[in-house]
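After the structure tokens below, expect a handful of questions from me.
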Amino acid sequence: MSFIDLANPTRFLALVQRLLPWLAAATVLAFAAGLAMAFNAPDDYQQGATVKIMFLHVPAAWLSMFGWALMSMAALGTLVWRHPLADVAAKAAAPIGAAFTLMCLVTGSLWGRPMWGAFWVWDARLTSVLVLFLMYLGLMALYWTTEDPARASRAAAILTLVGAINLPVIKFSVDWWNTLHQPASVIRLGAPAIHPAILTPLLVMALAFALLFLTLHLAAMRNEILRRRVRTLQLMKADNA
Amino acid sequence: MRLWAENLACVRGGRRVFAGVGFAVGAGEALLVTGRNGAGKSSLLRLIAGLVRHAEGRLGLDAGEAELSIGEQAHYLGHQDAVKPSLSVAENLVFWSAYLGGGGSCEAALSAAGLSELAELPAAYLSAGQKRRLSIARLIAVPRPIWLLDEPTSALDASAQSQLAALMRTHLDGGGMILAAAHGSIGLERARELRLGFEEFGPAT
Amino acid sequence: MSALKALLIRDMKLAFRVGGGALIGALFFLIVVVLTPFAIGPDLALLSRIGPAILWLGALLASLLTLDRLFAADYEDGSLDLIMTGRAQLELAILTKALAHWLTTGLPLVIIAPLLGLLLNIDLAAMKYVALTLLAGTPALTFIGLIGAALSVTLRRGGLLLAVLVLPLTIPVLIFGVAAANSAIIGPVPFGPPFTILCGLSLASLVIGPLAAAAALRHGLE
Amino acid sequence: MNLGAHADFIVAAYAVAIALTVALIAWVALDYRAQRRILLELEQQGITRRSQREEKP
């Protein structure tokens, strides 16, 4: 199945319909394994049982960055290769990426609460994720306020690519901003070397989350293709009325 | 019911658009307002609808509903169609019917305008002609005695124009009044003509 | 009455549909509040002291800047002419549109304010009062901003000039809003007096806003 | 499996994670059902896409 072949929405839809049940089953299995291992993992010597939140927080952080990377690839697809499904992939990925970024922020703040005494301490890594979350919301607002998908797709693609280039710069400047003003030294979130007994559950949970992202993304792409099909049919209905 | 005006003058943007305009339209009668572009055809209709203040002259409606202004007893069909793209065709019409005081049935109005099977479609997908027919449907959905039509046939194809002519005829037969601003004939047989813009006017004194 | 109800429902529908501006104000508020610590620095003690001021400035800007399209959108597609030939009183129609704008833009600000209070390290107990002042103050911002929205149609001028014209009118609301909010946190001044004055200002603007906007529309439109 | 002193934070974190996942799944499922319903309605009214018409001679 060559890449171009997938460009045809109908063939892509058929593929997704066949694939989704298997992917969903794989996701459930991965989560079952991941959660079992996570809850039997030993407590961290420093943070005690709260390390179990890391099994949610770190995969969610990886997914939030994976989501933007995926959208940047899709943006290239729209602008460079004019791939018909590129914008569908980008528009479908935005809300899912935003949801996982929000999950990362909330679990991060819940994880920080016992250590810092406050829900939010402008920790450098969490702040960068917060900025990423704002960029996701901006993109979703762009999709939500433009009626015509073609126009929205080019604007969103450009914004995504500019965002992707800016992310490392934002990361660096926030780190600099944080260390410059930070009076007390704060335990860096999840930075210490991870004990293998905790590492394997983390990786399994990360796999489970990745499968969840993939399943949701394919399903959301399927919905987007149907939504665009409805739009063209409605336009045709108005034309020949 | 009789709509009359004496020595009407209108100033817009410091320019005297027209002056000394008088007319009288009784029940069942129609008035075709003609004149070159910029002669103030639209301004006259907007003035009657109460959207614009008149500089001089008097405007009155005999035997109308006393507590309602002329504008509230008239339908103003302007150049724009007042159609919201994100609302569906039916939602647009139902809103205007509820806001402007209803009375007529929206389904009948939609079928008269030939839009009934597009009712659930977002209005963004309508063509200019279909949007024009949707605003014409408003005339039927909310029965009002006076129709102020500003180039009603713009963007309409031949069949829609004949539909409009039929609607206007039934409105006149029912004792209604029509004042229409247009260049050519719009299918109004028994219309008297009011020509604007003969005298050249300098800036308002 | 059903005419105004229909107008309220229509405006709410338009705001939440594609192309509507429902939560844009809340998003703008979120971004403005998140930006300030980058300027001020992550010092929590300082942030909690000026937290209410940041929230209030964010709410003020979010309310005013999203009001610009309130009448302009209807003017451009001809709906404004029809609204003015409606049988409902123009002032009441404008009041209804302002209420719809407040429900889709002002209220979301009040709802997400406690969340942003976490970012600014405002503790939960005081946050209740800050949210209360925002609840009482944002209607005033909307009704005062109405005048700018009406002028933006009659003068055919874009948003920023009118925000500049209307912003001075919102100074009393800002002063008493932040005073009431701060009194809940730092508290030399008791919460009562500034809050009641804020409510008074809101009620006054509830009347003055629509009257001024209706006058501007009636005499300004050509 | 005791969750130690900060048990409620751990439970809260997992609750939020589950809530967000359920919300995403619900959004995807409901959106799918809605689009299919509109699509079926349109097809019943005899409005078919060009490619579908080509397949049916």
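In this document, chain identifiers A, B, C and D correspond to the written order of the chains, with residue numbering beginning at 1 in each.
The working rule: a residue touches a chain if its C-beta (ideal position, glycine included) is under 8 Å from a C-beta of that chain, and two chains touch if they have at least 3 such contacts.
Source: prediction; values computed, not measured.
If you tally contacting C-beta pairs, which pair wins, A-C or A-D?
Of the two interfaces, A-C and A-D, more C-beta pairs touch across A-D.
In terms of CA centres, which chain lies closest to the overall middle?
C
Go ahead and note the Å separation of the Cα centroids belonging to subunit A and subunit C.
33
Using mean C-alpha positions as chain centres, tell me how far subunit C is from subunit D in Å, no decimals.
Spacing between the chain centres: roughly 34 Å.
If you average the CA atoms of subunit A and of subunit D, how many Å lie between those two points?
16
Subunit A to subunit B: how many Å between their CA centres?
54
When you check subunit B against every other chain, which residues touch at least two of them?
Residue numbers touching two or more other chains: 85-86, 117.
What are the residues of subunit C that contact at least two other chains?
18-20
Touching at least two other chains at once: which residues of subunit D meet that condition?
45, in rising order.
Could you please write down every pair of chains that are in touch?
According to the stated criterion, the contacting chain pairs are A-B, A-C, A-D, B-C.
Can you check the complex and tell me which residues of subunit C touch subunit B?
Residues 2-3, 5-7, 9-10, 13-14, 17-20, 76-79, 81-88, 219, 221-222 of subunit C touch subunit B in their complex.
Looking at the complex, which residues from subunit A come into contact with subunit B?
Spelled out, the residues of subunit A in touch with subunit B are 147, 234-235, 237-239, 241.
Considering only the defined contacts, which subunit B positions touch subunit A in the complex?
So the residues of subunit B touching subunit A come out as 85-86, 114-115, 117-118, 121-122, 124-127, 130.
Going by the contact rule set out above, which residues of subunit C touch subunit A in the complex?
Residues in contact with subunit A: 18-21, 23-24, 27, 30-31, 34, 37-38, 41-44, 118-119, 121.
Help me check something: in the complex, which residues belonging to subunit D touch subunit A?
Residues 1-7, 9-10, 12-14, 16-17, 20-21, 23-25, 27-29, 31-32, 35-36, 38-39, 42-43, 45, 47, 49, 51.
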